[in-house]
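Note that subunit A is present in both complexes that follow, paired respectively with subunit B and with subunit C.
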Partner chain A sequence: MRGVAVTGMGLVSAIGNNIVEAHTSLKNGKEGISLPEILKTGLKDLPVGEIKLSNSDISNILQLPDDHSYTRAALIGTLAIKELLSNSGFDNFPEDTGFISGTSIGGIDKTEEHFHNYKDHPEYRKYIQAQHPGFTTEKIAEYFGLKEVVTTISTACSSSANAIMMGARMIESGKLKRVIVGGSDCLTKFTLNGFNSLKILSDQKSKPFDNDRNGLNLGEAAAYIMLEARELIGDKKILGRVSGFGNANDAFHQTASSENGEGAYLAISQAIKKAKLSASEIDFINAHGTGTRNNDLSESVALKRIFGDTVPDFSSTKAFTGHTLGAAGAVEAIFSLLAIQNAEIYPNLNFNSEMAETGLVPVTEFQKKEIRTVLSNSFGFGGNCTSLIFQKDE
Partner chain B sequence: MSQNLFIRNSVVIRDSRVWRDGELIFKNETETTLSKFLKAIYKHQNLKYPKFFKMDSLSKLGYLGAEILINGEIQDKNTALVFSNSASSLETDEAYAQTMQDFPSPALFVYTLPNIMLGEISIRHQLRSENVFFVSREFDASLYIDYSKALFQEKKADNVLCGWVDLHNNDYDVFLWQIARSGGIDFNEEELKKLYLPTHE
Partner chain C sequence: MSKIYINGISSVSPQSEDIYENEIPQTYNENILPAINIDYKSLIKPMMLRRMSKAVKMGLYCSKKALQEAGIADPGAILVGTGQGCMQDTEKFMSNMLESEEGLLSPTSFIQSTHNTVAGQIALDLKCKGHNMTFTQNSASFETALLDTVLLFEDEQVQNILVGGVDETSEEFTGFQKLDGQIKEASINNLDLFASGTSGTIISESAAFFTLSSEKNDSTYAEFKDVQIINKVEKSDLISKIEEFLSRNKLRLADIDAVILGRNGDSRFDHYYEDLQQGLFAEKCQVGFKHLVGDNNSVSSYAFWLASKILKEKRISQIFKLNAVNCNAPRNILIYNQYLGRNHGLILLQSH
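Entry: the complex of A and B
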């Protein structure tokens, strides 16, 4: 059997604080988009995918000491991995467990909160180093006593997809036997204002792939999966396999995707080739589908270039969770694995009419259907395009 | 499997000066700002690339270093980019954060990630090849050597453009070089450190 086995997963997002809650929301078409309540921002009218747990709520769940220095990304990341631990069959992660975490924002939330206090309040200075994305990863590793390879990948919105790719490669090459891969990103004023300044945030709930789409909703999430080498599996349940991956630079614009979707096209092609599949063997695509004018058109063009007139069933789940930036690749990896295990397709919400340019229609209703192979796309600023392929264990 | 790799050429931009292959090719005589120094290099090199003027200083440093290093075009479109620095995109992160108090600047926000510099170089030379950007505390010769060797071993590239492009509080430190299977100086830690920090004559 080709591909690296997935043996555990954990997820916190706007549609649920664990996998079961998220799965229920996906099945019932219940999105998690709201106005910001926990994030303190002047941009009160922009819908977001916010996790309705405050930092102190999560600190209590995790039983952290009062003087801890966890960023929000570290808090939700730890919560997600706690779930992963509980369904991985271990009491504690074994010593040979690696940890690769993707994040775009790192600890900017703490800089925003405390920057002006650093001068007069030494007690906040512990957060100065928390700005570094690696700090968030180290805090999560510290919580679980992870001491093997611990590293951080920050490539904007493809961060956690790249973390999954790197983990799979390290298992394949024998560098690691077991690794937790995924990512965590929280909402911040920095990103909300930044995306707003680029005029790519919608003031409504996002409508991926719709002809009248007018932008994305930002979200926050943490999602991790466990990858294990063949010799460690034994009689463990395999949730699916990472069988293909590809990454390419779009080489077009700092933040926009090219008209012909070249980077996406190359990443998808590489992933299909790596999995030794033909395009016609892809059963379902979890699209990047942010809901911006630019991404959805560019991605659609890339899909048509790969699949011609027979584009497989596809949908974007970003209307459920918001665009969770560095965590998105891992969130959608979990949705892809749920689709495979439960023989289900989760709908692309808020869709009314197909794009004039391509005429592509996503799946808009929940469906039961045998899914053996899923392609999942994640494209990031800087032109960093990544595609992953998940397959049923059979 | 061992293999012989060579440093084909190098560029250093430091202290208002530019060196190519160890030879001083440009020097700002008077004390000036970083942005004026960068523009002076652009003019001196006779470059014609209007996108330069929209870049943040980190991307400008990377772009200019690459232009001087390759002297025109990157012929091999499969050239991999292996970059690193210490301060990530912090200079622009700070500048963007300043604008948030008034009107958040989209022109700055797009540069608040270090991999944008790789994007800019990829756009200029139409590279859709392997690229990676490491953040490490200081210049780490062994990181470049290990990573580049792996790229050659896995046949991912026949030419690798490496770069250390650091910028913080207007202090900049730029060192770029190309690695190939033939020509030039042996690619090892000692030679790399010599090129990065030459002893003063």
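Entry: the complex of A and C
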């Protein structure tokens, strides 16, 4: 059997604090989009996918000491990996377990909170280093005693998809036998204001792939999966396999995607080639589908270039969770694995009419259907395009 | 897997690249060191330059130089290590946001604030559609880019990879590093770094990029053999980690001719290096660089530049030497670096 085995997973997002909750929400079409309550921002009218647990709620769940310096991304990341640990078959992760985490903004929540405090309040200076992504990764690693290969990928919205790809390659090359991969990003004023300044946030619930879509909703999440080498698996349950991956650069614009979806087209092509599949063997696509005018058109064009007139069933789950930036690839990796395990397709919410340019219609209702092969797309600023392929273990 | 050759190198740092030959150091009497002024216009259009932060400028300039030297126009992949990323634009957007209390903001600095802006801008400039990755793990960022390099060459999909490390400083954010003790309190002269005896270090901005190729050519400097990152290691276990790393590359300690050490004058953490200098590496030619170029999250890329120079020129420039041990015709060089006792990196280079 080709591909690297997935043997554990954990997820915290706006549609649930664990995988069972998220799965229930997906099946029932129950999205997690609300106005911000935990995030203190002036942009109160922009809907977001917020995890309704405060930092102190999560600190209590994790039993952290009062003087800890965990960023919000570290808190939700640790919570997600705690769930992964509970279903991975380990009491504690063995010491040689690697950890590759993707994040777009790391601990910038602490910088924006304390920017003016550092000078006069020494008690907050423990967060000065927290701004940089590696710090958040290290805090999560510390919680679980991971000390060896611990690293961070930051390629904007494809960060965690790239972490999964790198982890799979580390296993394939034999450099690691076991690795936790995924990502974590929290809501911040920085990103909310940033995307708002780009005028790509919707003031309503996002409508991926709809002709009248008018922008994305930001979200926050942490999602991680465990990859293990063949010789370690024994009789463990395999949740699915990472069999294909590809990364390409659109080389078109720092933030906008090209009209012909070149980067996406190349990434998808590489992933299909790596998995030694033909395009017709893809059963389902978990699209990037952010709900912006630009992304959804560019991605649709790329899909038509790959699949012609027979684009497989596809949907974007961003209307459930919001766009969770660096965590999105890993969140959707888990949704893809759930689709494979449970023979289900989760709907693309809020869709009414197909895009005039491409006429593509996503799956809009929950469906039962055997899914053996899922393509999952994640595209980010800097032209970064990543596609992953997950397959049923058979 | 094919061998990996270093076919083009370029660095921008607080020192001129000529320092290796002329041994005339730039001295600084402040603890935040700027990169020296470079004629960026010679390789980057002035209109583009105006919009670029220092990290993008340094990264793109070094990339072009390193590719030119290797005679490569379009590398198969672009891999960048940057611990702190595009801080200048991040700081600009954050200051504006806080000052205006989330008012009307221009998106320009937000757009350029993401950590992968440098790698993205290089791809855009070169029209390079290949694998494009950015690693941000404190002082192991460049090392992770090297790790990805090894994985890509194992896959045999690419022949040439552009890999580099870059970090910039910014006024407020770098200033914060004084408040939490990362930067020395009292100003020192950079050449006195190792004798300072105080906590903290001197922080700098720098970039170094390399064209790594599966084939050697006339410009080849050396062979890049291997890299390892270790997030946390007890000092007592460090020696065995180094020995494991060497033995996995079929080398004994005796095969190592020179070690490049990331000593940064921080009295709290320099013992990691001092113990090796007095113990495991006592007989080796010991080389330092942070007294010249300062410290930052991707400055091990400068050590990689230095090792490449040493192996090509087959001599060790006096100004970088930490001890009196001589080394004629160095063949194997080990680089060891860490920051604040975390994110240890080992890199091995060999003459080709």
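Here is the rule we use: the second predicted complex is superposed on the first by the 394 of 394 C-alpha atoms of A that agree within 3 Å, B and C clash if a C-alpha of one lies under 4 Å from a C-alpha of the other, contacts with A are read in each partner's own complex, and residues count from 1 in each chain.
To be clear about the criterion, a residue touches a chain if its C-beta (ideal position, glycine included) is under 8 Å from a C-beta of that chain, and two chains touch if they have at least 3 such contacts.
Model, not experiment: these values are computed from the prediction.
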Does the subunit A-based superposition show subunit B and subunit C clashing or fitting?
clash
Which partner does A:G382 reach: the first (subunit B), the second (subunit C), both, or neither?
both
When the two structures are overlaid on chain A, which partner does A:E138 contact: first (subunit B), second (subunit C), both, or neither?
second
Quick check for you: in the superposed arrangement, does A:R169 touch first (subunit B), second (subunit C), both or neither?
second
Thinking of the overlay built on chain A, is A:T155 touched by subunit B (first), by subunit C (second), by both, or by neither?
both
With the two complexes superposed on chain A, say which partner A:S197 touches: subunit B (first), subunit C (second), both, or neither.
both
Per-residue touch tally on subunit A - higher for subunit B or for subunit C:
C
Can A:A333 be said to touch subunit B (first), subunit C (second), both, or neither?
neither
Could you say whether A:T255 touches subunit B, subunit C, both of them, or neither, answering first, second, both or neither?
both
Subunit C stretch colliding with subunit B in the overlay (listed: 43-51, 259-267, 313-321 or 331-339) is 43-51
Shared subunit A contacts, counted only where both subunit B and subunit C touch the same residue
104, 132, 134, 154-156, 189-190, 193-199, 248-255, 262-263, 266, 380-384
Residues of subunit B that touch subunit A when the two form their complex
96-97, 100, 103-106, 109-116, 118-120, 122-123, 125-129, 131, 135
Any idea which subunit A residues touch subunit B in the complex?
104, 132, 134, 154-156, 189-190, 193-199, 248-255, 262-263, 266, 380-384
Note: in the complex, subunit A contacts subunit C through residues 41-43, 104, 106, 108, 111-112, 115-116, 118-119, 122, 125-126, 128-129, 131-135, 137-138, 141, 146-156, 162, 166, 169-170, 173, 175, 189-190, 193-199, 247-255, 262-263, 266, 380-384
Subunit C residues touching subunit A in their complex are 78, 83-85, 90, 93-95, 97-98, 101-102, 104-107, 110-117, 119-121, 123-124, 126-138, 140-141, 144, 147-148, 150-151, 154-155, 172-173, 176-177, 179-180, 182, 229-233, 297, 342-343
